[in-house]
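Look for chain A in each of the two complexes below; its partner is chain B in the first and chain C in the second.
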Partner chain A sequence: MILNIIKRDIIIASRSGSSALNGLIFFCLFIALASISLGGTNEVLKPLSPALIWLAIVFSTMLSYQNIFQEDYKDGNLSQLRLGGVSALNICIAKSFSFSIQSIFPLILSIPIVAVFLDMPLSEIKTIIVTLLIATPGLTVYGVFSSAIAAKIRGGTFFIVLITSPFLIPLLIFGLESMNSASDVDIFNSELRVLIGLSLIASAIGLPASAAALKTNLE
Partner chain B sequence: MISYLANPSRYLKFSKNFSPFAGWITLMSLLLALYYALLKSPPAEEHGQAVRMMYTHVPAAWCALLAYTCLTVASIFSFIWRHPLADSAAKSIATPGLAFTFLALLTGSLWGKPAWGTWWQWDGRMTSVLILFFIYIGYLTVWSVIPERKKAARLASIIAMVGFINIPIIKFSVDWWNTLHQPASISSVGSPGLPLEILTPLLLMTLSYSLFFMWLVIKGIEKDITKMNMQNRKNKPLAFTEVEDI
Partner chain C sequence: MKNLFPLIKKEIRIEIDGLSVSRANQLLFENLTSTITNHDIVIVRGDNGMGKTSLLEAISGLLTYSSGEIKFLISEHRTSFKNLIAYQPSSSYCKTLLTIKEELSFWAKIHNNSSLVDDVLRFMKLQGTFNLQTQSLSTGQRKRLEIAKVIITQKPVWIFDEPYAGMDSNGVELIDTVLKDHVSRGGIVILASHKHTKIEKIQTQIITMKAS
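And then the complex of A and B:
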């Protein structure tokens, strides 16, 4: 059932097209605007580029959290799934997978292209992709959680940003810290291990919590 | 005791008798603590007169954490047993909690200027208290955004429980990241911590802050129950008529 929901979500996203690309366009625009406003010289941008990419990814995922549950809640698909005997936890797990495939992986795949514009060295590109892949469960699960809470609220994007930002700040801090202390020899430094821990805690606590929130909203 | 009070009308009766008493105790202990803090205690060796900032800063931070812990306990009660009184308790704990967190940030910033020469620094403890501040705001937003009371209570309690991950991080942030903020002064019994003449006003201030917090919560629950009763009365029709079948 989980696989079916994921397949369905991806088919819907690939047919509608534009909404799946919104996050990617926002990501590129954010990087472009930030580089222009910082003066555009390589000396200024080079030390800031990991932080810029992390910020752009966090913001663009935050803006797409709203879509995780709202459409399906509005047209009754979620209630139908619940009536069909799918547990709320399974819905949340499926939605987490489909969200990370639709909205986060395209961003991570586009990093090598963006990195060329920011003149990042290859080792840095490698570490930023590793840290982002590790942070993906955290980024996803908190999004599913906030979206499950805000499923009923119309225009809840600001509300979602307000709820998720306290939870995303630790991910942002440790992601960037592990970037700073990463070297070519040892990529698994202690900050990266904390990041892994944060992602695991997020999945362990966030998924049951979002299932409970979803159940409350569907009551 | 708790099961006796877990009934709105019994709670109201109890609160009517107990809250003035709690209020006067709070006032007395606050006056005593202020006398010790402002007049009796000597200036500290390192900080000079600015040490008196500590008597407002440390208790506020303590109360911010205490409030969040109480909020989590109330949320667990409200989530598992769906008791309306637990919802009122959680709601009226969160507002003073937000105020205490703001006070801790404000006094910390005012104390930071003479002690460290900066208003703000992004170190572990300050950042995590700021995160706590945002969690309180998010929690209270849920209450204001969702109109149905029961649903709002349930969703808010879920947020409060998830946000509890942050509390151990704040408590131990100073030990984990050895940065600007000094470690806890009152750590364990017997360790060479603060001298007695500074410790006494600090503990008295903490006690009176906690009492003040308790008084605010008791009054807040009372207000919330009264408001609910008013609404229930308003929703009832003023008169009934029965139509007979002919």
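And then the complex of A and C:
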């Protein structure tokens, strides 16, 4: 059941191409504009580049949160899934996977290219990809949660940004801290372990909470 | 070809008792009472804005009502609406970027009836167009796909909101035959419509929505 929903979402996303592409364009624009405004020299940009990439990814995922449930709610697909006996929790799990695959993974895959422009060393590229992969469940589930709450609200993007930012701040802090203290020998420092914990807590609490929110919105 | 319509042997009853529905703080209708059982065709009539769609949604379990009760019974045992109801709203809920076959197969998998997909496509005369994306379908083709999706659920109670809208006389006849076949095998059909069609002759109940 879950697999079928994920498969369908991916097919639709690959045919429309918009969701992944919008995020990617926003991501690249953000990096480009930030580099220009910071002067564009390597000495200034180099120490800031992990923070820039993290910020760009957080912002561009935040902008795609709105799409997770809104369309399916509007065209009646969510109601039909419920009539088909799919539980709200299963819908949320499926949507989490399809959101990570179509909106976050393309961004992470593009990091090596962006990193070359920012002149990041290879070890840093490696750690930023690892930290972002670990933060992906957190980034995803908070989005699913806020989107489930705002499914009924027209133009709820602002509302979604408002409720997700407090949840995303800890992810941002520990993601960047773990990058700062990462060394070639030990990539699994204590900050990274906290980040893993944050992602696990997000999944454990966020998914049932999203399911509950979705259920009330569908009644 | 095997019969695509579910054969319903158990007794099914929907008991609507003193149902009141309001929307945006405005009372649409109140104290509606009715009992619907196997072989019933219920037609809901009424002017626009009288709450036809709201009534259908309430029976489908998709709308919370302010007071009253709707009971679903299979052989006198209470059950959830999810086990009985297939609901087709007035607007299509097709994903426009999927092809007819992908769309139908998806819902077939959700309802665990994947083996019926090809037969239903053939029955609804969609086999020649199964590779078309649903955004490029004509009104008639889309309507046929909607009915195919209802058949594929294999649920006993079919609820349609304006099934005849935009259909030519052949299409109307096709829908009437499908509904008749379903009812003859023990199914229940509830539909809201402005159009007067042959199905009226065999209806068992008309619910008229009036301003309260």
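Operating definition for what follows: the second predicted complex is superposed on the first by the 218 of 219 C-alpha atoms of A that agree within 3 Å, B and C clash if a C-alpha of one lies under 4 Å from a C-alpha of the other, contacts with A are read in each partner's own complex, and residues count from 1 in each chain.
The working rule: a contact is a pair of C-beta atoms (placed from the backbone, for glycine too) under 8 Å apart; a residue touches a chain by one contact, two chains touch by 3 or more.
Since this is a predicted model, take the numbers as computed values, not measurements.
J.: Using the superposition on chain A, decide if chain B and chain C clash or fit.
T.: Chain B/chain C on chain A - fit side by side.
J.: I want to verify one number. Taking the Cα centroids, what angle sits at chain A between chain B and chain C, in steps of 10 degrees?
T.: In the superposed model, the angle at chain A is 90 degrees.
J.: Please indicate which partner A:16 is in contact with in the superposed arrangement: first for chain B, second for chain C, both, or neither.
T.: second
J.: Taking the superposition as given, does A:218 touch the first partner, chain B, the second, chain C, both, or neither?
T.: A:218: touches chain C, not chain B.
J.: Quick one: classify A:126 as touching chain B (first), chain C (second), both or neither.
T.: Neither partner.
J.: For A:46 in the superposed arrangement: first (chain B), second (chain C), both or neither?
T.: After superposing on A, A:46 lies clear of both chain B and chain C.
J.: With the two structures laid over each other on chain A, which partner does A:82 touch: chain B (first), chain C (second), both, or neither?
T.: second
J.: For A:4, is the partner it touches chain B (first), chain C (second), both, or none of the two (neither)?
T.: A:4 sits against chain C, while chain B stays out of touch.
J.: Could you grab the smallest C-alpha gap between chain B and chain C in the overlay, to the nearest Å?
T.: Minimum over all C-alpha pairs: 8 Å.
J.: Can you list the residues of chain A that meet both chain B and chain C?
T.: Touching chain B and chain C on chain A: residues 219.
J.: In the complex formed with chain C, which residues of chain A make contact?
T.: 1, 4, 8, 11-12, 15-16, 75-77, 79-86, 218-219
J.: Residue numbers of chain C touching chain A in their complex, please.
T.: 60-64, 81-83, 85-87, 89, 91, 93, 95, 97-98, 102, 106-107, 109-111, 153
J.: How about chain B: which of its residues touch chain A in the complex?
T.: Those in contact with chain A are residues 79, 127, 131-132, 134-135, 137-138, 141-142, 145-146, 151, 154-155, 158-159, 161-163, 165-166, 169.
J.: Please output the residues of chain A touching chain B within their complex, sorted ascending.
T.: My answer: residues 145, 149, 152-153, 156, 159, 162-163, 165-167, 169-170, 173, 201, 205-206, 209, 212-213, 216-217, 219.
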